[in-house]
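You will see chain A twice below: alongside chain B first, and alongside chain C after that.
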Partner chain A sequence: MLEVRGLQKSYGQKKNVLNDVSFTVPLNQLTCLIGLNGEGKSTILKAIIGLIPVEAGTITIDGEKKQECITFVPDLSTMPSYMSVGEAIAYMRDYYPDWDPQVADELLGFFKLVPTDRIGNLSKGNKAKVNLLIGFAMNRPYLLLDEPLAGIDLFTKEQIAWIFSSHYMEGKGILMTTHEIAEVEHLIDRVIFLQNGTIIQEEDSEEMRELYGKSVQDRMREVYQT
Partner chain B sequence: MLLHFNKRIPIYLQVLDWFKKRIVMGEFKRGESIPSRRALAATLKIHPNTAQKVYKELEEQQLITIERNVPSKVTMDQSVIDQARTELLDNTVTQFVESIRALQISLEEGLINFEKEYTIRKGSELDA
Partner chain C sequence: MKKFLMLSNEEIKRSLKLYMTILITLVIIEITSIMYQILHYQSKIEDLMQKERLTEMQAVEQLNGPLTFGDATNYFKYMITLGIMFTILYAFQIWYRDWYGESKYIYRLLMLPGKRITILFSKLTTVLIFVCGFLGIQWVIILLSHPLYKWLLPDHLQVASKITGESAAINMLYTFNVIDTFVILALALFVITMIFLFVLTERSYRKGKALLTIARDVALLIVPFIALRYVFDATSILVPNQQVFVYLSFILAYFAYVSWKCIQLLNHKVSI
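The block that comes next holds the complex of A and B.
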């Protein structure tokens, strides 16, 4: 289990961008971090992976500091735009010892990506697919997905969401931020509600339906509009 | 296949219902193997955990048998399937009765319309 404890972050004068943020990401589950714009969702993901410094807080996996078990999948392309999709995959394969070429091949086919296409010429949806392909092929137990569905057309979104119903979910603990909750709420195991840099609720999505007859969107309205 | 889920009802219950109907309708036949959990999740576009939960529930209700390393199968026991059929019928009738009672329609009027609609549907099925 990935455990985040007491994350504290300020940006200059802006205090408490993150305020004592604590939660867990279990294996074999899709956990969704929800919040309105500017609540600090991406900041949390970047803090977990160590991309930005924090004033306080610990990130542990099964009680130990093992950041090499976590992959961050950004919402923007990080591969150089002059590279082709195939070159980007080969580059990552050479760089990461745990790279799983079979996963990369399968996802390349499934996402209908063309290896000779240049990264710079890809649509936003195809860039997101390349990011996810790289994330899953790195073959680490924990994945942080930053807005994997933002600004992407309906059919591409459906293709991407397919991954959440696939065997690639097995053995993985996934933490995702998204505003596209309607498209994925039936696929989510747990929801973490974030407001003003603080976690205000953590809920099991099936329990939300079973005990209260509410959808994740219903709960969002209650949490953020009252 | 895309199921249109009601997002206020547990997803696993909706898939469970879908699956039971397939057994009762004979799409998944008595004693025959059923899709793997992975295949079910991929086909219905649901989380593998949900597929897992549905199969566990179906096993508890003795509608399927799960053994290690072989495909799971629909029960051989016809009485269990009949029981599921009765349960589905009961649920449907309950919903129907609740709907017409809410509209303050009498039993007689409800039955007349039910019979008329049933006959029309059956007729158009035979024509097709």
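The block that comes next holds the complex of A and C.
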């Protein structure tokens, strides 16, 4: 289990961007980090992977510091734009010993990506697909996804949503931030509500439906409007 | 080591087109400039001979004597200055393109397995390789320019000269001395590492704090240097050789500090 304890982050005068943030991400579950813009969702993901320093807090997996078990899939292209899709895959394969070439090949076909296409020429949707391909082919137990559905067309969203319900998710713990809750509502296992850098609610989506008789989106509306 | 080689290779690949374009442009300008200087000198002599009815000897005298190799390569100093400026700009660009480029490659770099120090070394190596390439091509151009000077200019309009000795810019770069070459590269390494420190400081702190930190680091270099100079000028504690040793030790200590700071910032402070 990925365990985040007491994350604390400030940006200069902006104190408590993250304020004692603690939660867990179990394996075989999709945990969704929900919040309005600027609440600190992406900051949490970046802090977990070590892309931004924090003032306090620990990130452990089964009680140990194992950052090599986590993959981060940001909402923007991270491969040099002059590279082709094939070159980007080869680049990742060379650096990561846990790279799974079979998953990479399968997703390349599933997403209908052309290996010779330059990353810089790809649409936003196709860049998101390349990001996801890289994330899943790295074959690590924990995956952090930052807005994987933002700004892409319906069919690409459906393809990505299919991935979340497929065998590629087996044995993985996913922590995802998204504003497109309706698209993945049926796939979410747990929801963490974030406000002003503080976790205000942490709920099991099934229990939420039973307890409140509401969808995640309705519950979100309720939480943030009160 | 494998990661370092792969990253260095990637950095070189990313910049090779731009680097080669700049290098070739500089070479063309340099060759053109030496040809222009020689032809311009000859046309001035002809002009003087025609308009003022002087003999060739008188015209040469009026132009302060024959054209030296130093005069013919006068423009080289500007090209060398341009080369230094491009190197300084590149030392900034090699980092900032990863943050502000079309893709955010810095995410990938910082997430790569292994130690982040490799990123620093690969970028440093790339800039140094480009500096070596620039020095090497300058040497070749200066060597080629001398026969060109001899070939284009009639013997009596030339001054028998060696390649070095007449131009400060050429003297600075063109040296058979291994120690001189080592000093140029060490100086380049020092300047590049300082630029890297500025960039990493700027990427690690908010604007005000970044500026203060950079100012402090610059002061840490300049203030002790001035203080040492003042002490050495005012007293005669040390002989000149010993003074040089103290200066060098200080620069080495400062370089160690800058390198250590870069590594610390990259490992613990830098933010995307």
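Following the convention adopted for this analysis, the second predicted complex is superposed on the first by the 226 of 226 C-alpha atoms of A that agree within 3 Å, B and C clash if a C-alpha of one lies under 4 Å from a C-alpha of the other, contacts with A are read in each partner's own complex, and residues count from 1 in each chain.
Just so it is clear, a contact is a pair of C-beta atoms (placed from the backbone, for glycine too) under 8 Å apart; a residue touches a chain by one contact, two chains touch by 3 or more.
Since this is a predicted model, take the numbers as computed values, not measurements.
Visitor: Taking chain A as the common reference for superposition, should the pair chain B and chain C be classed as clashing or as fitting?
Guide: Chain B/chain C on chain A - fit side by side.
Visitor: Check whether A:L187 is in contact with chain B, with chain C, with both or with neither, and answer first, second, both or neither.
Guide: Once the two structures are laid over each other on A, A:L187 reaches chain B alone.
Visitor: Could you say whether A:D204 touches chain B, chain C, both of them, or neither, answering first, second, both or neither?
Guide: neither
Visitor: So after the superposition, what angle do chain B and chain C open up at chain A's Cα centre, nearest 10 degrees?
Guide: For this superposition the angle at chain A equals 160 degrees.
Visitor: Where does A:E3 make contact in the superposed view: on chain B (first), on chain C (second), on both, or on neither?
Guide: A:E3: touches no partner chain.
Visitor: Between chain B and chain C, whom does A:S215 touch in the aligned arrangement: first, second, both, or neither?
Guide: After superposition on chain A, A:S215 lies in contact with chain B alone.
Visitor: Report for A:D100: first if it touches chain B alone, second if chain C alone, otherwise both or neither.
Guide: neither
Visitor: Touch test for A:M79: chain B only (first), chain C only (second), both, or neither?
Guide: Once the two structures are laid over each other on A, A:M79 reaches chain C alone.
Visitor: Is A:G120 touching anything from chain B or chain C once the two structures are fitted on A? First, second, both or neither.
Guide: Only chain C; A:G120 stays clear of chain B.
Visitor: Which of the two partners, first being chain B and second being chain C, lies in contact with A:S165: first, second, both, or neither?
Guide: A:S165: touches chain B, not chain C.
Visitor: To be precise, I mean the smallest distance between any C-alpha of chain B and any C-alpha of chain C in the superposed model; what is it in Å?
Guide: Distance of closest C-alpha approach: 29 Å.
Visitor: Per the contact definition, I'd like the list of chain C residues that touch chain A in the complex.
Guide: Touching chain A from chain C are residues 3, 6, 10, 14, 101-105, 107-108, 110-113, 206, 208-209, 268-272.
Visitor: Note which residues of chain A are touching chain B in the complex, please.
Guide: 28-30, 161-162, 164-167, 169-170, 185-189, 206, 209-210, 213-218
Visitor: Name, in rising order, each residue of chain A that touches chain C in their complex.
Guide: The touching residues are 11-12, 46, 49-53, 68, 72, 74, 76-82, 91, 94-97, 119-120.
Visitor: Which of the residues in chain B end up touching chain A in this complex?
Guide: Residues 5, 7-13, 38, 41-42, 44-49 of chain B touch chain A in their complex.
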